[in-house]
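Next up: some structures, all given as structure tokens.
Two complexes follow with chain A in common, the first pairing it with chain B and the second with chain C.
Right after this comes the complex of A and B.
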């Protein structure tokens, strides 16, 4: 054949990608594994000729009580466990409602996609401004302006809450992060779920109509099972994204990862890895490997569960 | 007899009337729910824009105004100087354009090799590349950070561009598109003595334009939204990208910060994304629904 003479040509086309992948993808996999097991590895130290012994000290350091990893792990787990079900449920509800209306459907679909095309740091700063209290007195009794969110809640008779300011509580901070992350996660999930709903064969619904099946039953017996591959996809990507949460928190709280004048850290696992970079790459690598294992295990569990429950 | 029929008809009529009422109630509920949710989705954008146009005095009123009494365009001028947005904007455009162009070339060449050319170990190599997509990016970042330090690339445009030029996801996306182009076209071109490269440029690229546009938009948005990597590998403020400037310029959380100026800066950064959203939404949605990759 014509092409058999020029087999080397394919490698010519691949050359630029292969060279870059070797340096920035393949080597990192090997090297990160290597330095995770070199006790106390530090980049500058290695350049200076220091040698490190092989061991698991980086891992024990990460898991040490004072390294801050435990807090980061708890924050990340909490954020994931709270935001994934909430955003999936809301997205499903919105997608089902969107799918059952005719006028304005396209317009609303566009509106719901809006948060996707945003900068998560920039809009995080808008959320910061909305929850911010201006001129809060030290005893937290009076303020110049309680902020728009507290004002809106006040219309329903609620007392103002110190969401993110001086001496705000851990759960208040958490609530703000959950609201922002859910708001941010909705568009992608709605897009996927609505696409799934629109591809369900109308005949199933017609059959249900003939049997005059109640709406709730149609939903649980037809819609959810036929949508289950998309639901599984949305949940799995949601979990992966949740474990890698970082920039939305930087958007609201800045890269200190804590509300001003509070002691509780809002750091996440990814934040922990970046904090260790530049001073202790061994520890950063160990934490990154732990993160990888967690994501891998959770994804496998998700796949296993969805394989049992999903109808393809 | 006749009496019975009319009774039945009456029953039917009441049933259908009942159904109609239920249907209307359901529709009202649907639209109310969607309307409220849509308001929640849009509200932050609305708040960003009106806050960016208020004076500090007006912004600090105990009862907030829903529309600025006096429109302060000056906030935008101040935002540009406070966050050094002009310089960072130029940086971001340079990094975005150069990395998009180079990335497109690399992606096209490798997708073509995987889609059309025959070579030993093609499928194994492609599968191995796809497998690396499961690994969280942070794992690569650590060693890449060390590598670029050793290369002496800190504080250059190179460091912001080169490490992310190859995206396996883009190669995958384009390869799928290339594979859909019928093989007959390729064989016909071979018979005519058209070379591979000419065939790629004249036939495959024009036929895959929508995918290439999707890739371009996602890549540009990636540069526009990148925060972590530039912060790691740049020491001087002048070499950072726009999102860094935005966050770093406004870290005063004492409650005394000039929020209208801050919101003006946020609006400036968000505005190009809105334009992309309005005009190129369909390409983004297409790329997104196949990936789940943000930016």
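Right after this comes the complex of A and C.
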């Protein structure tokens, strides 16, 4: 504890951080709240001396059938629900495998960590190249040059799939998105889970061995329960990250947020907020608040469930 | 089931590959552990006792030699297939499972002909819990138990599958002094009741002596002496064993044998028939001193530790290798000890001579 006569010193030392937080974090949050409840708010208008009445029109606008918000919400929910379990499961699998091998462990750890330090737009462009089906002839039978994924499919005799190009289907687009997001989410999860695995006392495994426990049972009855706090953490942060998904879609599909020639938008909630920001700050603020409430509720549910399911 | 160790050797490769220095943790250990006995592996840390235990459990593979359970060679058998019960130093109870689930855990692994019904498993678990007197704690988590209770759960978990051999690694090291006394009696009782061949590892000689049928004293991977605790105490084969056993520890002096008489300093303190003239180390157990004003060994008195029934006289002697010479004498006999010096005569069977170079025992006839 700081002694009372030196309290001002403590505040002095904290001041730079507090001032910055107040200006760039606290005030924007309060301002967002204010703007969200000012009907038809427009920043330029406000600067020009316009006044706005208090109301919930921004929220009704957002939820309006034609604003594209519901589409963005469905996309976001789908991506989150599909990618979080998948990436958590894969990360667990890879972490367990990494943990059980001795040679090359360091090297492989680095390899798996690479996506984490790579720019997501750049990765998106690489994915775009990989999933390409450029050069499809008008009769849609002969293709001249494919991306590597379609080449691999071709090796197995499968027809090339129109993943992301002209007139590609919604589910093809979504599949690419899920693969991309899962791959991009793996490194962080592997890192956390591997750390968790390495902190489990080896004696539990020795004890299980002496008691002739089959490997599958060791995994489900010892590894997973002892890892459950880390698993909960990874799932919760995964959900939060999933709801904030945006740059990955821009990386692959550009800022139109849809494949060329299609009319199904791949926009997400954050994308919706960015879009609205350009023209209508009131609506963007309202959407941001709605996103906040959704993430908050989901996180609460996550915490409630994990408290019941995680051990000690 | 008897356990036979034959030329058991464990060599750990050096960590630093360039220097290539290997560590011989256990060196050529041969011993037959009789069925149903309680054996204490005893030695200072790093003497290879735990390594020996882990080799018997199958968690570590020996570099050389063989291990037999009964007549079966189990050397190549993995830990999963050996059917031993092992109690770890830190108990290694699964923290997320209740006491009951912990004890049930080994039973749920049984397969084929050994597979038990749920009812049988529960019965066995409660039976084991009763044996170690924790049947009232079955729904608790390990974190809600005291150290002693956790220890019992660990024993119950090791016993529940009715192992051929029960192994305990420093089972009492995490308990406080009081609980340690109590628990070691418990281990003795449980071992007697179940009749399972039990091997336990300890660095505490008192612990090993008090409950073992036989003790194995080890040093730097080499077995020093094997025998019943009292025999080893009364008849140590070398200086290390003599020093390692006994509290307070044995008093060691520099001495010399001349004309079948043992000299400590200038005083001839004992007749040692049959010993050639040589410099020796003299070990004298604290209870080997008899206060006697006419006695040949005179020490400077520096203090008296009162222990109730007995009294420990703390003295110094210039030939002593220990900083103080401790004797344990009758409280009545010590009443006279209020001078500056105290003189003793010695009990010959409490005096051991050791060769000064090899530190091996030099025997003399005790009349």
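Here is the rule we go by: the second predicted complex is superposed on the first by the 303 of 312 C-alpha atoms of A that agree within 3 Å, B and C clash if a C-alpha of one lies under 4 Å from a C-alpha of the other, contacts with A are read in each partner's own complex, and residues count from 1 in each chain.
The rule we apply is simple: contacts are C-beta pairs under 8 Å (C-beta built on N, C-alpha and C of every residue); 3 or more make two chains touch, one makes a residue touch a chain.
Predicted model, so just to flag it, every value in this text is computed and none were measured.
Student: Return fit or clash for chain B versus chain C, each positioned on chain A through the superposition.
Tutor: Chain B and chain C fit side by side in the superposed model.
Student: On the superposed three-chain arrangement, identify whether chain B or chain C touches more chain A residues.
Tutor: Looking at chain A, the partner in contact with more of its residues is B.
Student: A:274 in the overlay: touching chain B, chain C, both, or neither? Say first, second, both or neither.
Tutor: In the superposed model, A:274 contacts chain B only, not chain C.
Student: If we overlay the two complexes on their shared chain A, which of chain B and chain C does A:113 touch? Say first, second, both or neither.
Tutor: first
Student: Given the touch rule stated above, what does A:22 touch, chain B (first), chain C (second), both, or neither?
Tutor: Neither: A:22 stays clear of chain B and chain C.
Student: Is A:293 touching the first partner chain B, the second partner chain C, both, or neither of them?
Tutor: In the superposition, A:293 contacts neither chain B nor chain C.
Student: Could you look at A:305 and tell me whether it touches chain B, chain C, both or neither (first, second, both, neither)?
Tutor: A:305 sits against neither chain B nor chain C.
Student: Have a look at where A:13 lands relative to chain B and chain C in the superposition and call it first, second, both or neither.
Tutor: After superposition on chain A, A:13 lies in contact with chain B alone.
Student: For A:56, using the defined touch cut-off, is the partner it touches chain B, chain C, both, or neither? Pick first, second, both or neither.
Tutor: It touches nothing on chain B or chain C.
Student: Let me test your reading of the model: by the given contact rule, A:192 touches which partner, first (chain B), second (chain C), both or neither?
Tutor: first
Student: Given Cα centres, how many degrees, to the nearest 10, is the angle at chain A formed with chain B and chain C?
Tutor: 70
Student: For A:211, using the defined touch cut-off, is the partner it touches chain B, chain C, both, or neither? Pick first, second, both or neither.
Tutor: second
Student: Rounded to the nearest angstrom, what is the minimum C-alpha distance from chain B to chain C in the superposition?
Tutor: The answer is 5 Å, the least C-alpha separation in the overlay.
Student: Which positions of chain A sit in both the chain B and the chain C interface?
Tutor: none
Student: Which chain B residues qualify as touching chain A in the complex?
Tutor: Within the complex, chain B contacts chain A at residues 27, 30-31, 33-34, 37-38, 40-42, 44-45, 47-48, 51, 59-64, 105-107, 109-110, 112-113, 117-120, 122, 129, 132, 134-147, 149-150, 162-166, 168, 171, 190, 196, 221, 224-225, 227-228, 231-232, 243, 246-247, 250-251, 253-255, 259, 262-263, 266, 269-270, 273-274, 276-277, 281, 284-285, 288-289, 292, 294.
Student: How about chain A: which of its residues touch chain C in the complex?
Tutor: For chain A paired with chain C, touching residues are 201, 203-204, 206-214, 217, 221-222, 225-226, 228, 311-312.
Student: Using the touch definition from the top, list the residues of chain A that touch chain B in their complex.
Tutor: So the residues of chain A in touch with chain B come to 2-4, 6-7, 9-11, 13-14, 16-17, 20-21, 23-25, 27-29, 31-32, 35, 43, 47, 90, 93-94, 97-98, 100-101, 104, 108, 110-123, 125-127, 129-130, 132-136, 144-146, 148, 151, 165-166, 183, 186, 188, 191-192, 195, 233, 237, 240-241, 243-244, 246-247, 250-251, 253-255, 259-260, 270, 273-274, 277-278, 281, 284-285, 288-289, 291-292, 295-296, 299.
Student: List the residues on chain C that touch chain A in their complex, please.
Tutor: Residues of chain C touching chain A: 57-59, 78-86, 88, 90, 92, 94-97, 105-106, 108-110, 141, 143, 157, 161.
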